[in-house]
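Encoded as structure tokens, the structure appears first; notes follow it.
Read from first to last, the chains carry the letters A, B, C and D; within each, the first residue is number 1.
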């Protein structure tokens, strides 16, 4: 039996390297009725903010070739309601929980992180620094190495929880941002968030999405994600979690091979809510057939 | 009959807004036997350099979901051979010819531009500033607004030909680069070039492409391209040519709607070498059904 | 919800652009089917284009099968409608909250009329109150089907409906007058509401549902609307499908059409 | 080259993973077919996954049809091999430069033996020298087919070949000894070259072609290799398929496998 355990941040050991990506698995409750969500490496919650958020009006999703655009606008129930109404169930189920957080400014981020520091049952925070609508002095945190590093340092101050910083792919040099964020105290990195895209309704002569632009996810973005994960994994010493278009065990194995310590499954959950389990099984079978004792021997073994 | 004529740079009037993208239509000769290439808006040659180039070794293409990666490495016959051996045929056929150029440094670019200034039968130059292997002081021209602007200014000095600068999408802020390049004297912009991606051969545990990374093109990138074209078209006053995943007349119309003065068809040529003609017809039919007199009334009419 | 791979056992073409697929399913699935519920349906060829599954109402079902009625709109429906007997499909379902059962508080007045309003392919959802044996309990009320479509050949399923529900009154109307009256289905609805107190279920394109809502308001009549928002997941995790509805204390709030709907009380929906 | 949409008229499964598709084509197309030429073949459902057409040898053809023999490797071949009679496909072709005609300078010695070497699905290309009526002119020479495969059931097309070309000597070999001898097809090639001067045509996976090249060199024998580089366009514009070959003055240079090949003189290829 292959040992699938991975350590994705100091002390955060997961039973396997397959996580579900923020915004694509709700708060876990939706799946709990018919899948044993404790069998996953971890679940990452929908992005949470200090106060509840209603998100964007209008059409929120559009399909594109092998991909989809979303402009949900980070609708969420707010951190208090999460702690009161959702977390107890997740804890009861024995799931490893990583909370994805975002804010309107540095103080918001720090406040959520501080609040969660007091809460039992959370294994790590994933800091979403790539929210398209959230800016620091006109610049998105996620696209400016300086702003990103400052933000991470502030969150680092506010909590003792392990920190995973989630990077935006909409940048010239993701390695530069990764390095700065690592230096600022992030325990791990996850990438990529969505690529910024757009769809139009030709016959109506209007942008299709209420928010005009949206985030592109799904198999279409896999080559970009794999490239960035490979580049970043070579540049930093902290664990890197791969995200982007992963839909099969082979996709996941490609990211592990390229240096990802674990992977997150996003859009693929929508099409097949059981996919994360199938990917765990597929990884196990693949490594077993090749006589690996543990997945960590496979990780980063690209020649 | 709808008037499909567009002006993509001062004095460069094309019979219709459908061009073939550099690197996906050879030097035109390959099609001349069985298609009337003079019916296209223009053909853009494979990227040409001062000296012939053999390109990258190893596997050069990989397929991805709704896309492909290429790592051709800008193999080309060199500008002299193009002028002597290819251009005469194109001229004889009456095709509008735009020459795509690149160099190892600013002087190379200027030298090619100067050389082509003396040659009859060329309507414009498209400057590829996004060659992944070509750097100015360690930074790619295409990803640094300053370097891009300097390069364009140097080429502007070297030739009287209309200049189209072709932008890279692998940047944080494509609008900033577009604005600088326009200010430096580019007559038009074309975008996007390929997104940088990667593929791995899982079973061999190696990068699939000889060059490790490659450029992602095809329908997968269309939402990113459309977003960038829309943003740039709103920001600059010069014409913008849309490129990226265009495979149908509806795709092309979406780019025109979003503000593109014309479109280039790339990867789709590989699958259906007759696609550019079908797209011209499709655009004409669509506009005719909606009683447009000229395509320029449709361009940029997104609400 | 169940997730399963299964196969098409029959594909009946109802009009040039509308097909009815019969799909094999487990008894558990069929027991959970109910009028107004839906499935997310995808082909099963492991390719990623189209990427997402598509939502379709469960129009009819038996012990070990269900049927969807698909109108070809774009690439997803074109591909599904082309599938033949034996072709593999993937199903998530049954999903959503359907029409209120005839026993519910607002519906248990057996004297009032039940008005079923279908616009175009909205008949696929409305049919789920008529075709399935399991749905016949609705018909304790006097029931009328008002069915509007653009052209005659989109007035599909009428033979099946007549056969399954004897005594049902049916009124049709087309935009071009090619069958029944010429006009909109809401014209028919107004007539009905003039004559009786009634409970209305409606499914169709958004502009139609909007005007159904207005008509119901003006007659102070109760009704339910089945919405068709774009969906990525169908089971409440993506938040792609949300619809503004009247929430607590009359304030607007987001509802997930895929889990809280697709059927909502007409009064609740904020268009 | 022609570009056309057409349909499958027959799909014969030759082994669990190999199918032969017969495809309708115009006479013009068939007249331009020749041994070693190929087509780019795609399904015709207007979806973009898989994106590119796939290259396949034209194994056989008649007046108004041609056949491809497809081994399932990944998603493209899986999809094509599944297509049934009547399914629509898109074709670009005939493409490339095939085996040298029997009348060419290096091939017109009717006394030398013609050795056809097929490795695995390489038989699809080699068959184009044997199956088509139009190709029979090759067989003025004494001809032998050496066919190696991993396991017995991949030794496909042998019945058809025997029927079409009476008197052909056939030797088979499998990696696992499940049919014919156990070993590699190059072992058979060495035997043949010991006994006669010969012209060799070979098609198969790159490692096999490499060792065919070495064997030919060591016997100072002439031959041609059909390569299988990855292709995006198939007609010389993408430069994706290039292969290093010996150019002018012995210097290496790039050749486009899709137009200058897929068949190259064995001496020329720089692996």
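To be clear about the criterion, a residue touches a chain if its C-beta (ideal position, glycine included) is under 8 Å from a C-beta of that chain, and two chains touch if they have at least 3 such contacts.
Note that the structure is a prediction, hence the values are computed from the model and not measured.
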Point to revise | Interface with more contacting C-beta pairs, comparing B-D to A-D | key: B-D
Review point. Where the CA atoms of chain B average out and where those of chain D average out, how many Å apart are those spots?
Key: 36
Exercise for review: Mind checking the centre-to-centre distance between chain B and chain C? Centres are C-alpha means, answer in whole Å.
Suggested key: 47
Revision key, fill the gap. The positions of chain D in contact with two or more other chains are 48-50
Practice item. Please set out, as single numbers or ranges, the residues of chain B touching at least two other chains. Key: 65-67, 218-220
Exercise for review: Pick one for the touching-chains graph, please: line, ring, star, complete, other.
Suggested key: complete
Practice item. Could you pull out which chain A residues touch chain C in their complex? Key: 23-26, 30-31, 33-34, 46, 54-55, 57, 59-63, 65-68, 70, 72, 75, 218-220, 247, 267, 269-274
Review point. In their complex, what parts of chain B are in touch with chain C?
Key: 65-66, 219
Revision key, fill the gap. Counting only contacts in the complex, chain D reaches chain B at residues 1-3, 42, 48-53, 76, 90, 92, 230-242, 244, 253-254, 259
Exercise for review: Can you check the complex and tell me which residues of chain B touch chain A?
Suggested key: 64-67, 69, 143, 170-173, 195-200, 202, 205-207, 213-214, 216, 218-224, 226-227, 230, 245, 250, 253-254, 257-258, 301-303
Check your understanding: Of all residues in chain D, which touch chain C in the complex?
Key -> 45-50, 75, 79
